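For reference, chains read A, B, C and D in written order, and residue numbers begin at 1 within each chain.
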Amino acid sequence: MAKSRYEYVKQFELDDSALPGTWMVVRIDGRGFHGFTDMHKFEKPNDLRAIHLMNRAALEVVRNIRDIIIAYGQSDEYSFVLPASSTLYSRRISKITSTIVSLFASNYTMHWAEYFPDTKLLVPPCFDARLVCYPTQKTLRDYLSWRQADCHINNLYNTSFWAIVHSGKTEQEAEERLRGTFSKDKNEILFSDFNINYNTLEAVYRKGSVIIRQETEVKSVSQKSGEEVVRLRRLPAVLHDDIISNEFWKEHPELLVSSQEYE
Amino acid sequence: MAKSRYEYVKQFELDDSALPGTWMVVRIDGRGFHGFTDMHKFEKPNDLRAIHLMNRAALEVVRNIRDIIIAYGQSDEYSFVLPASSTLYSRRISKITSTIVSLFASNYTMHWAEYFPDTKLLVPPCFDARLVCYPTQKTLRDYLSWRQADCHINNLYNTSFWAIVHSGKTEQEAEERLRGTFSKDKNEILFSDFNINYNTLEAVYRKGSVIIRQETEVKSVSQKSGEEVVRLRRLPAVLHDDIISNEFWKEHPELLVSSQEYE
Amino acid sequence: MAKSRYEYVKQFELDDSALPGTWMVVRIDGRGFHGFTDMHKFEKPNDLRAIHLMNRAALEVVRNIRDIIIAYGQSDEYSFVLPASSTLYSRRISKITSTIVSLFASNYTMHWAEYFPDTKLLVPPCFDARLVCYPTQKTLRDYLSWRQADCHINNLYNTSFWAIVHSGKTEQEAEERLRGTFSKDKNEILFSDFNINYNTLEAVYRKGSVIIRQETEVKSVSQKSGEEVVRLRRLPAVLHDDIISNEFWKEHPELLVSSQEYE
Amino acid sequence: MAKSRYEYVKQFELDDSALPGTWMVVRIDGRGFHGFTDMHKFEKPNDLRAIHLMNRAALEVVRNIRDIIIAYGQSDEYSFVLPASSTLYSRRISKITSTIVSLFASNYTMHWAEYFPDTKLLVPPCFDARLVCYPTQKTLRDYLSWRQADCHINNLYNTSFWAIVHSGKTEQEAEERLRGTFSKDKNEILFSDFNINYNTLEAVYRKGSVIIRQETEVKSVSQKSGEEVVRLRRLPAVLHDDIISNEFWKEHPELLVSSQEYE
């Protein structure tokens, strides 16, 4: 194809490769989601439709980008993990980050009506994203633990806060009631005042959502013989497991094996 | 809010600020759009519905991000320009890039049905994005000229190619016919064989689309007096002007004034 | 040459190119020079031997690295400017920075005895360095003005401080005397108490040192005819001019012409 | 201290921190050392004086920068390793790299006369430097193995090459003789033609030089009692060990322990 004399401006595009041999985490975050949730009347403290929509968008991203080996989401954020050995897009930070965040945003928009059949999408959702490199399995696991600990801290607060509000107090009163309290205090308030045992709440709220690829039976009908055929395929699935403890990682040893060549 | 012992992983997020005093251009590009256009049966060489949808998504981005002073789009790409003086998100590259690309993707998805009322959106669109810094007015203008020259080169080729194909040839035959030809040859083919004067084709195809903020009369009815009120506001509008020549920049001196403090 | 199986580690070397079309400034700074000047009994407020040694080291750097078009030094720092059009070492930041700083350090060490014939060099001098990009002529000039204004501010302070100390006061008393004073106050102290008209002090102290390449007559004797030949060559020379005002730049228009292709 | 209106240019200094939790390796390399060794008539294939001078300069760098835990040198290059846990200069790449390379250059210059008492230093030595991050113990060890394997490959070649040249052949003839040969061929040439058993050559040539801090008995005389006092201190020392094999690392477990918090 012909080239113009302006072609030289291409050289201003600098290389932005991520350090090889490190885990790459792309975390997307809702922008202005406080207003977004108000506008669309999300239920508080948690709106299960919204959680399922976030998980659906993330699931489509994981289906699309094969290198992602685990994703973790809570509230209006989702983290996608690419292994240390990944060479996706030559590890170019902008390319990886923008592809993931735009796929997430378009899926969120496209599938909105399935999860919110009675609520019209009034404004397009917006997410920002960043890519962070973690050099070792330990630092990667600590990253994921950080997000799940954050989920716990926020959800315990929000559950307490909205229990107080739903009981007839103002938001300001709820805030004052919780100021300076520790986890055990909030557990106590929930139990004594609202008869809620926090630890028995559904895991989806307390633990957030984890997506990994799991061996799954896929049934299809043979076009030739008409018989049903069952095959095993690794398909992404949403779990609500504790990913801080060692157990999860022992059950899924394949998650960390990918970076063994570097450690 | 309480903090966990995993908090230390936050320090792995490195600063990625763009050099101050430089123009920032975020260019988004359709990913896998060859398949996307086939799947949704886009008209060739240009599908006006698709162009209008691209422009609508870009317009919404420009409405949302006030710092953008000019945007230019053609084919499945769009460039958004932030002035040298912009301090949007402290000039953090990931934050700016991801916000723009996710807004674009969700707007494209959300407004699809308005522009393709008879075509169901089958897969979510995906765009990648990168941010490039240009140090001076001249290099910025050369960047925009590069993209518009590219539009011209591609559109002349595509117009010729599809004219040949629509006349009954195979795509391979069209390709062979055009191999090694220069602009004047393609103009000649279009004129002699298909009676098309390329230069009289609509500017939207030949020049692509430019978005700038223009003084616009906005009418509203005063709630108090019931009278119609006309105010002037600067609102983004889509043009199909030549942005390579000096004329455009002389007509819109405010576009380059913003970086005067540095030049 | 044979390759080992460890060769793969080379891929961890990431590209660190400076943005094209920007002025590159490498500023070196003495590390631990407070102790260094005490140890070698530098005269206060200024030691002319030390200034000449700094200038000599810088001159050798400029002789060696042809792309440097201007350098500016004061106190224990020196800035070397590469034009926006420079492609030295493909504009790799580490390569440029390390080459300049190591040349400076070895020249400073090697020429020490010429400038300090009676003082043994007790410890090797150490300098750190950084490369900063400036996108336009204006920002580059403002950078150089910043350093020369800094020279003025520090030198006026130091001249006043050491005048007070040399008159018999303690360093603490001198510090207290100067606390909160403005330029005009220090000028007044110098004039009233010590009969020093600051503005008539030698420019080398007040303005620092500038190195540019100047047309110079170079004489040599022809080996053939035995006659003396005079040729004009552009050789680096040390000046003590004011580089903040426009005059200097009008006298040396070639300094800024190099980046014209970008502005 | 007063500030000038040019102060704003400081914001163009961007952050260049190395990724936390990664090993930082600064490798310095002689610039134009081919000419430098010719000019100063270095002995070929190896000049022991030059090796000792390189080691001395490196030793002084290690003494000065406490965070360096191991250094490895061969030919005209030296690598300095900072542990994953190091926070030296907030891990700023330019600061670390320039400090090490300038210290190396000034030490090399300052100590020249001790190692080359009969050879005047004609030009100042120059070194470039780069900092590379390695995410894990394994990649760090592979880096060091890469450099030591390189030392072996080059030294075997050079030893063969100069043996042939010293036997009366031209450099071109030596080059041709060695073209396409493997290690075993060169070993064979050395043994058959020159009666040299390569593997019994001194380790300093075959293995290069390693600097680590070792427990050392330091004797001093008590000023009080006049008695000799012996204390154990960890002081840097030069070894010529094999650092590719596991043995070395088992003998010095403290070298890798520093990054345990991340792995």
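The rule is short, and it goes like this: a residue touches a chain if its C-beta (ideal position, glycine included) is under 8 Å from a C-beta of that chain, and two chains touch if they have at least 3 such contacts.
Chain-to-protein mapping (UniProt): A, B, C, D = tRNA(His) guanylyltransferase.
Being a predicted model, the structure only gives us computed values, none of them experimental.
Chain centres here are means of the Cα atoms, and by that rule the chain farthest away from chain B (tRNA(His) guanylyltransferase) is D. Interface comparison, C-D versus B-C: the pair with the greater number of contacting C-beta pairs is C-D. Between chain B (tRNA(His) guanylyltransferase) and chain C (tRNA(His) guanylyltransferase) the centroid-to-centroid distance comes to 46 Å (mean Cα coordinates, whole Å).
Chain C (tRNA(His) guanylyltransferase) has its Cα centroid 52 Å from the Cα centroid of chain A (tRNA(His) guanylyltransferase). Centroids built from CA atoms put chain D (tRNA(His) guanylyltransferase) at 30 Å from chain C (tRNA(His) guanylyltransferase).
In chain B (tRNA(His) guanylyltransferase), the residues that reach two or more other chains under the touch definition are 12, 14, 19, 21, 133-134, 139. Residue ranges of chain A (tRNA(His) guanylyltransferase) in contact with chain D (tRNA(His) guanylyltransferase), taken from their complex: 19, 21-22, 84, 133-139, 262-263. Chain A (tRNA(His) guanylyltransferase) meets chain B (tRNA(His) guanylyltransferase) in the complex at residues 1-2, 4, 6-10, 12-14, 28, 31, 60, 64, 93-95, 97-99, 101-110, 121, 124-134, 139, 142-143, 145-146, 149-150, 153-154, 157, 182-183. Remark: chain A (tRNA(His) guanylyltransferase) residues 11-12, 14-15, 17, 19-21 touch chain C (tRNA(His) guanylyltransferase) in the complex.
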